[in-house]
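Presented sequentially are two complexes of chain A, the first with chain B as partner and the second with chain C.
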Partner chain A sequence: MSLLSNAAVLLGKELRTEFRSRELLTTTVVFILVIIVLFSFTFDPTSVESRRFAASLLWLAFLFAASLMLQPCFLREQNNDTLSALRLSVTDPFSIFVAKLVANTLFLLLTELLMLPVFSILFNVPVFPVIGQLVLVLFLGSLGVSIAGTALSAISAQARMRELLLPLLLLPLLAPVLVASTQVTVGLLDTTPFMEWKGIGFLVIFDAVFLTALWLFGEYLLEE
Partner chain B sequence: MTPAAVSPVGIRFENIDKRYGGLYALRRVSLEIAAGECVVLAGRNGSGKTTLLRIAARVVRPSSGSITFLDRKNGAITAASQTGFVAHATMVYDELTAEENLLLFARLLGIAEARARAGTLLEEVGLAERRKSLVRTFSRGMRQRMAIARALLNEPSVLLLDEPATGLDPQGVSWLAGTLRQMRDAGRTILMSLHGESEISALATRAIRLEAGSLIADTRTGASLPSILTFAGA
Partner chain C sequence: MMKHTLGGAAVVLLLLAAAYAAFFIAPTDIKQGLVYRILFLHVSSAWTGLTAFFICFVANLMYVWRRTPRWDWLGISAAEVGLAFTTVVLVTGPIWAHPVWGIWWTWDARLTSTFVLWLLYVSYLLLRTLVEEPDRRALFSALFGIFAFIDVPLVFGSIRWWRTQHPQPIVMGEPGSGLDPTMWSVLRFSWLAMLGLMTLLLLARYRLEAMRGDLEILRREGEAA
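The block that comes next holds the complex of A and B.
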């Protein structure tokens, strides 16, 4: 119970600080917007191929934006050594991870939902008929990105060359999530939309495995 | 504020080593601090004071050796919830207000009536009027008061303070000395690092000097308090 109550208190803090400054949300929204707009000029939005490429471009943009968003996740805790204060205050250190990965998932999901209409218009891809399934893929993909990214952010925050280390570790690790999410999204954006359940199953397994690993070993990632 | 009486807790360090790569920050430090003692750690920069305090606070794990917190009544205990730690950094969030910071940590610590406790402490440290201000707008001295308020939230049995007077003006130092005196008199164990003699060092019942990670002098073994604090004979 104290794990969940501590996580809820910390999640409140994460949301309050972000919505007060809007640093992460603004940066990622602008970043994704720039990528989507740039790529929309290079593809013919009426062709069938555009639908196939559009899904991968969308996830690539989300992935790069996520690496931007995840970088300060633990780095911010180092400014005033607040991570030590958190570790001394919580009964279960996993609650720190739970709060951060839930916050990161929410921020990513919010950014993605804000960008979907823009993507739909610029690439001439109707997303609203499959919005329910699309939100499910976005959620599972974003959760996978957040779980792995939050863990790596904790590692990289204590390392030298920390700005370089996170994307270096994150991008190869998330390649399977990117592939699975893209495959499912391609199916959903097809002229006759279909759900690639194999991809959904893979995302669920990826999220479960990494969440379990974080629960088992997360405490060691927070040590100096 | 009259601190509530607490069950006294002592600290025992046994053969503590701390290495960062090949560099020894602490080398075979063995030390027993009795419950209710007020101990000053002295030493030059890099002598290992901060590392020893961070190990005591359980923020840093020693490379070898062990640390035990001893309750006079119950024997060895896990003291994570019974320690208050004031570090070099303030350990509070710049993006939150003074009140939000204390409420956050009070709730994490499971303190009943968190809002009332936060309010009382803000009064105590003289920040009640700025309770709604973001900490990033505070001066260094005000941030240090916040750090001390956060450390006192759970009415700890053991107080660990790393140069607690940093950034405080003379009034602040007097206030801190008064607060620590009350803590000491209520039976709390205090371990703090200080530089030189001051109103705060006058509270010490014992002083210890570290040099290059080793314990080299202790008033318990005959060294005088002023000589340890001023490095006389070093």
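The block that comes next holds the complex of A and C.
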């Protein structure tokens, strides 16, 4: 399968680039911390009713962070003039997207997992009893964010005001992911935790629909 | 020119007839009284807006496939016209909701998804202003338009499943809900009038965009010479 082997090589490249500098991960972690602290100024985070909002805050913080984290995805190629080389090096341009979206999902998931204990302590929400289910919803949610975000960052990289444009295009598109992931997380962080499988199913559908769209139309996004 | 004037006159007549029907032919609602009559403007605009977005989606697909500027012109025209009708929906909704529900806005499935839809197409128009090169602008906005359109059912589904707690839709709602037959006919007639208006606006906007396209080509030729 040339698609998968190409994607694997490119994924290696993405991971190497990031782990050499760790710029993206460090900045995103700090950014999420800043948001969480800012939230605490706007209301009392330890009160009982704020538990109900904990899941929403968590997902909002992740979503904002993701919209910034996805910026360099294609911009880096653009700035270093490596996009054409990248296109020439693969038989199927979809493998470029696969590599980038897997890398983005991994980065997002990693920052989310790093932030989860901090969030749990600061907002007094126990996350460890439901960690397995939480990882599942974090994974599916981040995958959805990464699929749409990788596609749109290919667009925004070639536009003016790109730093503003990407969140502007991405965030309304991700409304369904935000609704579904928040609903599942609200259930998991409840005093009697439960799993909302409908939400998981919905996230799977969202991911599948956008992955198909990216597979169908992705190559046009990379046209010179 | 004659053709456009005639078309415009026909649409004005249709709209006047629809307004007459909405005010005088449709019976007054027992519970809501006169205020419900805004439904004929509100619902028909909503359907027309969705029709325009669907045209935009088809134009976007055709552009990606064919790459002729005409499909790009149709795409932008349909998006703008759809946005105008959706704005009418978002404005007339609260005007009706305030006396009937007692609030201007509620985060219900239809309202919220219409709002998100509106935001998506505003982003579509903004994207077009931020990409300079015409071919790239056309391609990128077409692709974003496709993504936005397939997102709409997902937005509606997610919000309807988890965030709705209130009034059942009257049109295409549960069994037992429904409109009086005369109201139905008036509503369908209003929609027809609105579709006429949409076509008129779409054609005018398309001609404008076509002229802009030609102008851009001429300007570039002038610069090259």
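Basically, the second predicted complex is superposed on the first by the 215 of 224 C-alpha atoms of A that agree within 3 Å, B and C clash if a C-alpha of one lies under 4 Å from a C-alpha of the other, contacts with A are read in each partner's own complex, and residues count from 1 in each chain.
By definition in this document, a contact is a pair of C-beta atoms (placed from the backbone, for glycine too) under 8 Å apart; a residue touches a chain by one contact, two chains touch by 3 or more.
Everything numeric in this text was worked out from a predicted model, so none of it was measured.
Judged by the number of chain A residues each one touches, C leads among chain B and chain C.
In the superposed pair of complexes, A:Asp81 makes contact with chain B only, with no contact to chain C. Residue contacts after overlaying the shared chain place A:Met161 against chain C, while chain B stays out of touching range.
In the overlay built on the shared chain, the residue A:Glu223 is in contact with chain B and with chain C.
223 are the residues of chain A that lie in the contact sets of both chain B and chain C, per the superposition on chain A. Those residues of chain A whose C-beta lies close enough to touch chain C in the complex are 148, 151-152, 155, 158-162, 165, 168-169, 172-173, 175-176, 179-180, 183, 198-199, 202, 205-206, 209-210, 213, 217, 220-221, 223. The part of chain B that touches chain A in the complex is made up of residues 54, 57-61, 80, 83, 85, 87-96, 100, 104-105, 107-110, 150. Only residues 64, 116, 119-120, 123, 126-127, 130-132, 136, 139-140, 143-144, 146-148, 150-151, 154-155, 157-159, 161-163 of chain C touch chain A when the two sit together in their complex. Across the complex, chain A meets chain B through its residues 2, 5-6, 9-10, 13, 16-17, 20-21, 79-82, 84-91, 223-224.
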